[in-house]
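The following blocks contain the structures, represented as structure tokens.
Look for chain A in each of the two complexes below; its partner is chain B in the first and chain C in the second.
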Partner chain A sequence: MSPRLRRIGERWLPWTLAWLLLAFLFVPVLVVVPVALTAKDYLSLPTSGISFQHFASLADWHAGWLPSILTSLGIALASSIAATCVAAAFAIGAWVYAGRWPSTLRIILLSPLIVPPIIYAVGMVRLWSKLSLLDSWIGVTIVHVILAMPLAVLAIGASLSNLDPRLVQAARSLGARPPTVFGRVILPNILPGTIAGAILAFIVSWDEITVTLFITSRRLVTLPRKIWTSIADAVDPALAAIATVMLVVTIACLLLRMTVWERLAQRRS
Partner chain B sequence: MSSFQRWAFGLTVPAALLTICLYVVPILQVLALSFTEPTFGLGNYVEMFGSAAIGRVVRTTMIVSAVTTVLTIVMSYAVAFALVHMRPAARRVALFMVMVPFWVSVLVRAFAWITILRRNGVLNSALVGSGAIAEPLELVYNQFGVIVGMVHYMMPFAILLLYANLSEIDPRIIQAARSLGARPVTIFTRVWLPLSLPGLAIASLFIVIFSLGFLVTPAILGAGRVLMVAEYISVQISSTLRWGVATALSTTLLLVVGLLVAVAARSPALRAAFEGGRR
Partner chain C sequence: MAFLDIRTLRKAYGSAIALDGVDLSINEGEFVTLLGPSGSGKTTLLMSIAGFTRPDSGTILLDGADITGVDPEDRNFGLVFQGYALFPHLSVANNIAFPLRVRKWDKARIAARVDEVMKLVGLDKLAARKPRELSGGQQQRVAIGRALAFGPKILLLDEPLSALDRKLRDTMQRELKRLHQETGVTFVFVTHDQEEAYAMSDRIAVFQNGNIVQIGSPREIYRAPASRFVAGFLGGNNILSAQTDGAQLDLFGIRMPMPAAYDRTRHGDGAITVWVRPEDIALGDVAPGAVCFSVKVADVSFVGTSERVTVITADGQELSVLAPSAIARELTPGSTATCALLPSAIGFLARE
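Here is the complex of A and B:
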């Protein structure tokens, strides 16, 4: 091999390959944007003019998109709050409690991350039909709380592992009672992790589809469920419009997080 | 037990009750049903292992999962390796390109692939329009489409796992190898690759487990023509109501996932990685 060829092989090939693969990840997601702007009423690129009619149809209450967005927001908010409270209580308790019980429980608590959700869906269809909770707010919210807890526990646990245990000793030696120690010493110190946990829990519930698909039918249509049925039924450009909205929100949140992190890093240094 | 410890124990109780009553019990019930529905015994398992249809589903699941895992790991490793070597500015752009698909809903991604790969989709129109091909290619609603969608879904996970693993490798080891006269290819095969084996093993484990039980992407991009285990189970419980077969397949899937985790937990490198997050 000539030195020049070798240099191409060692230096340029890996870089080109990596950026091509990154493009494979990033570019296909963007394709929903031009498709949402088509003037035709079927899925196509906007070759004959740009139109915002499909975005307008999202705002039409009877098209069903707006109600399903509100349903998803409500369920995600409720399950995020509930999951964060239960997860924070567990994480703090497990951090303080000396014994095997928390580490055993932690494995069970985190298992939804590994166990395929379809198995849980089979179990919950049985249980909810017995308790007549199929297609109900409370039924969906409980399932979302269970599925959101693992990430909340991980985020809050990460915050706790940076907490100095001597802080608790100091508070107790100064005569603080247990509720004061938990509520006014530990909790304020793990607030960033708790907020991160709440956001992750919200996202899990907002995106959940596999289990929701089986425990809801006509009454309760979350946004993922609405997207799922629209993909299966027909290929409507309104779908590209909602996908575009979700993509733009995701990108905005990511950029916001990046700038906030840099601000925090600058302040620290 | 001091009152402080009692309080701490009390704080873990709500989470315990919630997961045991509403997660563990429903799943145990799935296991139990596989032996009792419709009649007591191993009938469902006999049926499952004897059925040609289920055999096909299992074979499809295994082929798609294996191909997905190999492709995902090789491609993600190339990206993660480049990420470690990038300048900070380039790395920010690259990580952004990983993070956007990572956080975008799986449904949006599956839908994007449909608009691209369909018969009149973006890719076929472009290829036919440019004269590269005469007839549109069949790119979706077959194994090819499912694998493309699954690799695209899994890659961000794998890249982030592998990148975390690779950035922990001490750069002085690489410097040492270089100063001893090792060529770049040798440094890669004898230093980088062996040191990234634990990360590769964990990433592969996660991708295999996610692939085996994946419902959404195979169902949308396969449209019933590429039937994998999760979709087969979903058909059994929502249309044909064969609960016995559905629960027996679920039990088997859970057993396979459990076995994979158990094997992984025996390897010291993997155990260290799993317990890394624990206090």
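Here is the complex of A and C:
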């Protein structure tokens, strides 16, 4: 093989493959952007002119998009906070009292990850109808907390696994009572993992569709449910508009995180 | 009454008995080492004193007050761990300030005390560093400083030097001894390393199977081990079988007059067990009054200041001898040599 070919093989091939893979991951998502700008009232590319009418309809309360965004935000925030608190309590407890019981409990807690959501949904419908929690805020939030907890437990558990369990004994021998041990020793050390857990829990709830479809009907419409019905009933381009908005918000969050994080890391060192 | 009084402490984990009715009295300002092999109960006792292990029965008295049920955070004892257990998110100064903040000291007093402690443990230039930026020895100093900062009544140390290399361990041994003298705090130190125990302690308590089998000064324990276990555990001692009729001793098939240390009622007669320190056997040269016997050299190994020579006696017993390099260098495995031993160097073990 000639040196030139070899250089291409060693340098350009991996580079090209990497970018192709990234493009494969991201480009299909971008299709929603032109579709959102179509002037027609069905899903299509903007061949006959550009229009922002579908973005405008998102802001229209009666179109149902805004209420469902607020519903999803509320449920996602509530279930993220609840799931993180429960997961942190469990993870810290299991870390302090290591043994057979915590590891058994851990498997049970992680089971929502293993059981297919559709099976889980069937079970929840029966249970919630008995408890008359179908189509209610509280019912959906509880389900989302259960579904989000495994990820929060994993994230918080991972940051605890790097921590020496004897820190608790050390703190206590220095005179710290349990609240001080938690606030001044454990929490500062697992904060990054806890925040990651909370974000993961938020995303799980924000995205959840399978179980939500089963346990809600008319009263409670989350954003994924609204998208689902609008795709099933009519091919409303507002769908593409909401997708574009979510895309922009996600990218903005990522950029913000990257820049702010860098700056914080620089200031700290 | 002693400062810290431990009375018939018992602790079992399932069927494994960690503490089997341990009694121990420690005086104020003493440096006491709990020495024993792993699993002998020394760490369980330390953690019971610290308050993290609840004994099944027995009491711990501090200055006459029962503290058996007191929570560890209320005992005011410093505790130093093997892995140091420093707070990774706090700087050196804040690690040391932690117990003071918990006790709600005012800011100026904390700053002054942190300064004082950092000078005491020799860390005054590293105040702003995080634990992960420190060497093992420096982390150790932070852990000791943190545990001493609030003026504890007792400092408990759980094998704190075992993760350090040998040279650093020697330095830290001297440091701990200095800190003990300067602060006057009572030290309770756990180790399985006898040299560490000899170098620092006022008294050593030797543990075996959840019991203290002997307690005394390092010299007492070295010179007069109370049992076969203590004699064998402390430093490569030669444990040998001998014969006696009560008047004469027959060791390696050589008859010698009975040493004065022998007591027929305690040590028995017939087949008995004796011990001889490796450094008490001379190779080649003969001191007046010594008993000589010829041996076969099995192995010579260099141990630094001298050579450890393993020899086989005429009656087939293995004997470890410490000899100066100048003499040992000429020995080769398989050759024969002459050993000399003063009968007064022979120790006797009580019949068990």
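Brief remarks on what is shown
One rule holds in what follows: the second predicted complex is superposed on the first by the 226 of 269 C-alpha atoms of A that agree within 3 Å, B and C clash if a C-alpha of one lies under 4 Å from a C-alpha of the other, contacts with A are read in each partner's own complex, and residues count from 1 in each chain.
Heads up, the rule we're going with is that a contact is a pair of C-beta atoms (placed from the backbone, for glycine too) under 8 Å apart; a residue touches a chain by one contact, two chains touch by 3 or more.
Please read these numbers as outputs of a predicted model, since none were measured by experiment.
In this overlay on chain A, chain B fits alongside chain C without clashing.
More residues of chain A lie in touch with B than with the remaining chain of the pair chain B and chain C. Angle at chain A between chain B and chain C, computed from CA centres in the superposed arrangement: 90 degrees, to the nearest 10. After overlaying the two complexes on the shared chain, residue contacts for A:250 are found with chain B alone; chain C is out of touch.
Within the superposed three-chain model, A:103 lies in touch with chain B and out of touch with chain C [touch as defined at top].
In the superposition on chain A, contact of A:172 is made with both chain B and chain C.
Contact with neither chain B nor chain C is seen for A:61 once the two complexes are overlaid on the shared chain.
Minimum Cα separation between chain B and chain C in the superposed model: 6 Å. When both complexes are aligned on chain A by C-alpha atoms, chain A residues 172 touch chain B in the first and chain C in the second.
Within the complex, the chain A residues that touch chain B are 10, 14-15, 17-19, 21-26, 28-29, 31-32, 35, 43-45, 86-87, 89-90, 92-98, 101-103, 105-106, 108-109, 111-112, 114-127, 142-143, 145-146, 149, 153-154, 157-158, 160-161, 172, 178-179, 181-182, 203, 207, 209-210, 213-214, 224, 227-228, 231-232, 235, 239-240, 243, 246-247, 250-251, 253-254, 258. Partner chain C is touched in their complex by these residues of chain A: 163-164, 166-167, 169-177, 180, 184-185, 188-189. Chain contact summary for the complex, chain B toward chain A: residues 3-5, 7-12, 14-16, 18-20, 22-27, 29-30, 33, 75, 78-79, 81-83, 92, 94, 96-101, 103-116, 118, 120-122, 125, 152, 155-156, 184-185, 209, 212-216, 220, 230, 233-234, 237-238, 243, 246-247, 250, 253-254, 257, 261, 277-279. Residues of chain C that touch chain A in their complex: 50-52, 71-79, 81, 83, 85-89, 98-99, 101-103, 146-147, 150, 156.
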